[in-house]
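Structure in structure tokens, see below.
Should a chain be cited, it is by its letter among A, B and C, assigned in written order, with residues numbered from 1 in that chain.
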Amino acid sequence: MANNSVIKIENMAFRYPKAGSVCLDIRELHADAGDRIFIYGHSGSGKSTLLGLLGGVLSPERGTISLLGHELTSMTPSARDRLRADHIGFVFQQFNLIPYLSVTDNVLLSCRFSARRCNRAISSGSTVHDEAARLLDHLDIAPELRHRPVTQLSVGQQQRVAAARALIGRPEIVIADEPTSALDAERQIAFLDLLSRECIAADATLLFVSHDRRLASGFSREIDLSLLNRVHASQEAI
Amino acid sequence: MQTHRIFQSAILLMLSLTGVAGNAGALDGLSRYAGIETPPEVKKTDYKVGDRLQQRDSEVKSKYKNIVWDDLVPKDWDPMADFKKLDFNKMKDSDPRAIEALQKLREIWNNAPVAPAMDGARIRIPGFIVPLEVAHHQITEFLLVPYFGGCIHVPPPPSNQIIHVFPAKPLKKGMESMDAVWIKGVLETLPSDTDMGSASYRMKAEIVEPYKN
Amino acid sequence: MKYLLALAIRSAWNRKLTLGLTLMSIALSVALLIGVERVRQDAQDSFAQSVSGTDLVVGARTSPVQLMLYAVFHIGDATNNIHWQTYKDIAANPAVAWTIPVSMGDSHHGFPVVGTTADYFEHFHYGEAEPLAFSSGKPFAGLFDAVIGAEVAEHLGYHLGDKITLSHGTGDIGLAEHADKPFTVAGILARTGTPVDRTVHVSLEAIEAIHLDWQGGAKIPGFSIPEEYASKFDLTPKEVTAILIGLKSRAGVFKMQRYVNEYHAEPLLAVLPGVALDQLWQVVGVAERALLAVSGMVVVVGLCGLVAVILASLNERRRELAILRSVGARPMDVFLLLSAEGLFITLSGTLTGMVLLTALTATFAPMIQSHYGLMIAIRFISYDELGLLGIVMGVSLLASLAPGYSAYKLSLADGLTPRI
């Protein structure tokens, strides 16, 4: 089981440099290939910290975090940056796109920082541009929008472009941090469906963080971060 | 995208030029624009009027013989001969003979002979520059004198203590009056071409470099 | 790494309005700095080019700089003149190969008039031992012949045979004229790029002739000598303003200098042109360096403006930096990105400044030449200026690193989720 897990956190505790106390304390968290996990976390529950740790920009003070068998805690910061570039796609709540790049260039951003993603994006006969176009197609972004500056897109369109960027090159892990919170109610489900479908097609592990429990159906697992985080658990117990 | 590729190449080119120009120019420029006009080895302000340049015995083997200014004076020449004959004790104050003798001495100095043995000698000697011709901030012809301030404050050197120098290459920019240099080359003696003129030294200097002790 | 450069350029282009202003301020400051240096160097060069092959310049005792200014550059006036007999004594010295006496005091439409002899056209050299050449005509033969410099001819539109009138004194307006004795343009000199171009040359005798009926700087009222009778008078000059001397042996210059300085009959000064010019540069050098320092500070101000603009924009760009981190950019990449942006602007600004300077030089150089006789070369950059530019680039590089470093720290702190 240990060899198959895509994400594995064990006995991990994290404290911010100037903080007095630990803010995230997880005994165990794992995800296997193809898992789609809904993480329920309201603001303040430590989800930003968790994302930072999984992304390798933060380092725990004890315990281990392994991604695809790589032990983050024993890697240098730039090695972690490379790992993140090669294997993880992120979607944030809003302002996901670089304003001075076109839609296509935003999607291709992942490939610029990772040769691996670039290579995986190129199937025989096609270029990264073709792959970007294909993804944008799947995510319902019309061709005439692709060379527009991203500021001309609606929020929903921007989120879908962000999803394309997270998915290009078939990274093993997709982490979505409240990606629907800025969308209208009708579009939230639609986005979720699109994202899930693409993750399944790419055989990627999806971590979907949200405070909206209504979106939890359809995921293979649901985790309540405030229960997982022993810091809060112990506080609530008090 | 293509325009940006052109931009990229342009930026990389400019960055490399920056590096080159910055290195080459910054040091050179800094010294010049900080107001240090002379070569950094010796500052002009280090000299007082009448100072001569020291010449240590060179341990370095050079194809140029190291000579001193006294070597340019013929060994058998004694301009002070007549002067020494005067007995100042026997003179009254303001004796005209004293001034006469001094003027005669001056005249002798002005017409000092050259040492014929120096003709064709391959030598090196240090001295101070008096520029004669300048083109584009570079001195192309100059006189070399033995001591600082030789053209303004103190009596000018006698004619066998002046070398008329033609450098092989124009001097570096920034060289100016009273800069101290070494000259290296073959010395020539020129006979005087007038009855009141005097013989002189000339050199087509192969090397002219700033003076360092 | 290459992509970071592309990102930097596109990011800068996105904010081209604000950054454009800082770019212009850098461009102007660089143009100012290099321009000041260029004028300095070219002015010195121009002055140095004005005389060549002359061993001594002699005038009534004054300061060496002042003597050079009026005798060679025709700027300012002499304190006193030299008696004709003194000139003859000096010219007769056996060490002397040639002499050129010059007499000044009159002008023509603002251009100085110099009285001299035929020796002038034979022995006067400039630049790198260049002799004077005639573009048309020849040296003065008749009493009232004038040989004019190229700038005079061009500016006033003169041709051979034209009649011109000289004015007394060297002011700009309101001068009394020697209207009764007009001169004929007998020769026009080819352009030299020296004060010769701005000069009207006549014979020493002609100067005497036009002042025959003058006394103490003004025409004697009611008394006039017609020009055709002028030659009947003894027109031997009584005095000259300065003498240029060439020696048979250049090494004997100090001896001759001493002779002139100690000349018993009247107080004289003999200077070596090269040495006197060096003294001039020393006098001016302080002001020049001050000007250069001020220009340098202006560049620094421009760079500070750029740094301020980029730093001010950092706060809005935290999300953008977080996005870059999320796709795998390292904090070092963020540093490089912001630094590259700054560097891109400074380099573009510098380049624009140089282009601006070249354009300005091309526009104004002809005017400067005709008014001041200074040749400012029209070129993109010279080797010395490259050194100065190198310093500017070096400082720009350091300045660009500041916002880069700030962004680096910010990105480290923010990680993937900046709290805005």
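Following the convention adopted for this analysis, a contact is a pair of C-beta atoms (placed from the backbone, for glycine too) under 8 Å apart; a residue touches a chain by one contact, two chains touch by 3 or more.
Source: prediction; values computed, not measured.
Starting from the Cα centroid of chain B, hunt down the chain whose centroid lies farthest away.
Result for the farthest chain: A.
Which chain is in the middle, if each chain's centre is the mean of its C-alpha atoms?
That would be C.
Which two chains have the greatest number of C-beta pairs in contact?
Among the chain pairs, B-C has the highest number of C-beta contacts.
With chain centres taken as the means of their Cα atoms, state the distance from chain B to chain C in Å.
28
Determine the centre-to-centre distance between chain A and chain C, using the mean Cα coordinates as centres, and give it in whole Å.
Computed from C-alpha means, the inter-chain centre distance equals 67 Å.
How many angstrom between the C-alpha centroids of chain B and chain A?
About 77 Å, centre to centre.
Name the residues of chain C that each touch 2 or more other chains.
10
Would you mind writing out the residues of chain C in touch with chain B in their complex?
Result: residues 2, 5-6, 9-10, 41, 44-45, 48-49, 52-53, 55, 94-95, 127-129, 248-255, 257-258, 272, 274-275, 277-279, 281, 285, 289, 292, 340, 343-344, 347, 351, 384, 386-391, 393-394, 397 of chain C touch chain B.
What residues on chain C touch chain A, complex-wise?
Chain C residues touching chain A: 3, 7, 10-11, 13-14, 319-320, 322-333, 415-417.
Within their complex, state which residues of chain A touch chain C.
Touch list, chain A to chain C: 48, 51-52, 55, 57-58, 77-78, 81-82, 84-86, 90, 92, 95-101, 109-110, 112-114, 165, 177.
Okay, in this complex, where on chain B does chain C touch?
Residue list for chain B touching chain C: 4-5, 7-8, 11-12, 14-15, 18, 21-26, 28-30, 32-33, 35, 37, 110, 130-137, 139-143, 150-152, 155-157, 159, 162-164, 173, 176-177, 190, 192-198, 200-202.
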